[in-house]
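Note that the chains are named A, B, C and D in the order they appear, and that numbering of residues resets to 1 at the start of each chain.
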Amino acid sequence: MARVVSLNEAISGAVHDGDVVALEGFTHLIPFAAGHEIIRQERRDLTLVRMTPDIIYDQLIGMGCAKKLIFSWAGNPGAGSLYRFRDAVENAIPHELEIEEHSHAGMAARYQAGASGLPFGVLRGYRGTDLSKVTTSISEITCPFTGETLAAVPALTPDVGVICAQQADRKGNVMMWGITGVQKEVVLAARRSVVLVEEIVDQFSPKTNGVVLPAWVVDTISVVPSGPHPSYAQDYSHRDNSFYASWERISRDREAFLAWMTEHVLNTGDHDAYLASLDGTRHRSDS
Amino acid sequence: MARVVSLNEAISGAVHDGDVVALEGFTHLIPFAAGHEIIRQERRDLTLVRMTPDIIYDQLIGMGCAKKLIFSWAGNPGAGSLYRFRDAVENAIPHELEIEEHSHAGMAARYQAGASGLPFGVLRGYRGTDLSKVTTSISEITCPFTGETLAAVPALTPDVGVICAQQADRKGNVMMWGITGVQKEVVLAARRSVVLVEEIVDQFSPKTNGVVLPAWVVDTISVVPSGPHPSYAQDYSHRDNSFYASWERISRDREAFLAWMTEHVLNTGDHDAYLASLDGTRHRSDS
Amino acid sequence: MTSHQPNTEWTSDEMMTVAAARELTNGAICFVGIGLPSTAANLARAIHAPDVVLIYESGCIGAKPDRIPPSIGDGILSETADAVISIPEIFSYWLQAGRIDVGFLGAAQVDRWGNINTTVIGDYGHPKVRLPGAGGAPEIATSCKSVIITLRHGPRALVEKLDFVTSMGHGNGPDARQRWGLPGAGPQVIFTDLGVLRPDEESGEFSLVGVHPGVDAGDVVRATGWALKVSPSLVETPAPTERELAALRKFVSHDQ
Amino acid sequence: MTSHQPNTEWTSDEMMTVAAARELTNGAICFVGIGLPSTAANLARAIHAPDVVLIYESGCIGAKPDRIPPSIGDGILSETADAVISIPEIFSYWLQAGRIDVGFLGAAQVDRWGNINTTVIGDYGHPKVRLPGAGGAPEIATSCKSVIITLRHGPRALVEKLDFVTSMGHGNGPDARQRWGLPGAGPQVIFTDLGVLRPDEESGEFSLVGVHPGVDAGDVVRATGWALKVSPSLVETPAPTERELAALRKFVSHDQ
């Protein structure tokens, strides 16, 4: 049953060195605040799972938290490269990064299998690509009725699933809306779950594409307003597009990256302090 | 792209003798009006597909429309037996009825596979049951990663999928809410789709568990208020519980059944006339 | 019925429902069907288990009806639920994934190992009585952490050999589920209108561990189609309390 | 830019976007990614294909943004969509099921058969440049009824041999898709900043069928890493109209 705790407590309780950790949120509701807290707590040897390891995983990789990355698209959406990810893969900086690479459809099928308690997922996928030559977790399966061969991928069952949502209610039920990606699946597939919400409300109101997770499948809830920044929470905050655009400048050079991370993440005690440290630059695109 | 037509036209255009036809709606939004229209149009040799072939399929079977039934639970929910179904299976009245029997989980997996364009679905199912001895469309599949054996079932891809929803908008998008069962899946799995709605509105408003089908996956829309009677459309009508309770009396004897069907279905030209023919008995449980 | 003179009488079906309700612990996640299971689970929620979570296979999670719904698709279930989801999701993400503590199953026939028939009486190809069939039961029986069976007692209901195995209990003996690799523990108790059966510690066979007030253990044995073993520590079920009966009848009267 | 004196100049990227937009027929169901595809599809919707249906892999079906979203997760997509669904559903029920008419794909490298690399430049294990990877592309390439590829022309972009096949076009020749049993017809056109390539009727190789205004076909051949065949019926792409440019720039200016 969901307990409401600080984000510091949620992360220290749920995320341990060596864990398989999935921070999900498909371009919307990305749990940046949780990633920053993992960095502050100096977790190491994590296997990071995420369909779109954008800036949040660039930061975790650059700060040396990751041993392995399981993913399907690693870029700064609409803005460019992830230089810390590239530095790890191209130059083993700060150390070697093992990668396990899929397509979006494959990752979605893997989460779905994990949430369903199945050992594998089936899709019409990976045909004619070199991915199956470099990724051992892509296999084949034959339909027992038609004889057709399809792709099979193993279930993802992370140790920890971390998401942002807009609201929790007093009983600990969680509600999110707008683009909800694989957030439901990652919570259901994971052994432990950490949910960040914008606020706690007395009662949910109906929303287009409203997705509710009952309290008894959620382990901890932390109230972290603007927790997705520079991503956004629909009806609560706007995407900080200028921050995404500025990431190339911040991250291209490792020293500049480390200075930025020290100032805005390591030297800030929590997410409010992180947001305050950005004042003057934040939300320029909100107007 | 969805065309708005009369129910008579929708059924005559979509449902042909010998078709595989699925009328879905899990206890809610059951397309009774469409079943009645199929009976009026005297379709024959249909393979009827439905998780819960309740009164609507009892009527179709008793009126001689069905060659085969694919299903998972055939009863009058909360009220008793389906005597016309039983008479067909036990006594081949009005003629033999071939049956293909699954569990709910298996039928759901079959629809899901059909909607996904996969030839089969996988589930942890049918273990230790005799169903796999009598149903040839239950097979096994081995996980290529763990070696575990699971059940496999073939995709359902009916010729026609028929559902009720609450609303369509002017562009032909369809919205339903409340218990939505496998309605989305049956429309996406079927080659042709027939949707009955309570009304056409200018704009949808957000609903808890609101499910929208875009106009371009729907073939025809018919406006049939109370189309689900004696089932219901949440926020539009109530379940006619007294009708469900009275079905045992109506259907136990074949002659009484035929007299009732003649009076209320064959001799009524459309759903409004059907409803009018029931006045005085209908909606007693709505108070 | 007058309110100043409480009715202390009850039917054997009411006793069965009350006994099943008492089995549910507070906070348990229950997968319930319509009829007795739904009534028993809601009674538990009203009496001693306010935080029991009711999941209906129609896709309603955490439903809190204030009357007994006549159908698992009743509007009161979706209106009072914490979440309403599709049928494919309820069976894959919730039941199959092993999130359910307790499943309720009814039965036309049950055997000494808790295997269940809800499909046919007689031969499958030429049935004497065609029953509704499987519904959600086969996967409820294998995926829930534990299963409660309820049915009316009688030698044609509790039988030596099922006409058809719709849902697996303990197969042909206590280690069958392990051999099959089934995740849940299977049926742990059978509540009938006469008494309570639980697996014998040694043999694993369902044995009589409780009789309802006024019921003779010998009568229960005679009403059972297999050689029912009677536990040496047989107890009498406590009679329904006035509070239980009042709550039960309040629910049921709403259904008229 | 002054409104009384229309700007008749345009960039080669604008020409590429306009050419791609014109390819979309009204009512087509398009699976679009961010960047040029999203811009081109919205331009088509504004100019000649008001009923084109835009599907973003973030789960937004029928999005109708009035500005170009900088991210496929932009709020304007879900707010203007006919339906918003989960990621597993967009890939299974919608893309995989074959409901999409046109998929747009970008590329770091493309070969004469329309195979695409978005994974690495150099060796996979020791890449010279690590690119973002597959995303939705492998299944977009195989499941959509047809595919439009857009990229900037250059000998290191249109190459003799890909460093890595991320998404399959026509494999090693025109009958490869049939041999693989792929449902869609694969890439039908490549729009670059210099011209337009379509499969040659005989060989199936992507060949130059159009050059943008002011571009010399010989320059296009020299900017191509394989021996690009020039169609005998080569045409010049009509220049962007004022209306197209105005609509395009209105979208893009909203994005600043």
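Simple rule for what comes next: a contact is a pair of C-beta atoms (placed from the backbone, for glycine too) under 8 Å apart; a residue touches a chain by one contact, two chains touch by 3 or more.
Because the structure is a prediction, the values reported are computed rather than measured.
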Checklist outcome for this item: Moving step by step through touching chains, the smallest count that connects chain C to chain D is 2
Checklist outcome for this item: So, in whole Å, the Cα centroid of chain B is separated from that of chain D by 42
Item to check | Separation of mean Cα positions, chain D and chain A [Å, integer] | outcome: 28
Checklist outcome for this item: Contacts with two or more other chains occur in chain A at residues 117-118, 123-124, 148, 184-185, 208-209
Checklist outcome for this item: Listed in rising order, chain C residues that touch 2 or more other chains are 83, 92, 96, 143, 183
Item to check | Touching chain combinations (by label order) | outcome: A-B, A-C, A-D, B-C, B-D
Next on the checklist: Under the stated contact criterion, what part of chain B meets chain D in this complex?
Outcome noted: 1, 115-118, 171, 173, 184-185, 188, 212-217
Item to check | chain D residues within the chain A interface of the complex | outcome: 34-35, 57-60, 70-75, 77-79, 83-88, 91-92, 95-96, 115, 119, 124, 127-139, 142-143, 164-168, 171, 176, 180-183
Checklist outcome for this item: chain B contacts chain C in the complex at 26-28, 51-52, 71-75, 77-79, 81-82, 85-86, 89-90, 101-105, 108-109, 111-112, 123-131, 134, 148, 178-182, 184-185, 208-209, 211, 231-232, 234, 238-239, 241, 244
Item to check | Of chain D, residues touching chain B in the complex | outcome: 27, 29, 53, 61-62, 82-83, 92-93, 96-99, 143, 183
Item to check | Complex interface listing, chain A residues touching chain B | outcome: 117-120, 122-124, 137, 139-141, 143-146, 148, 150, 152, 154, 205-210
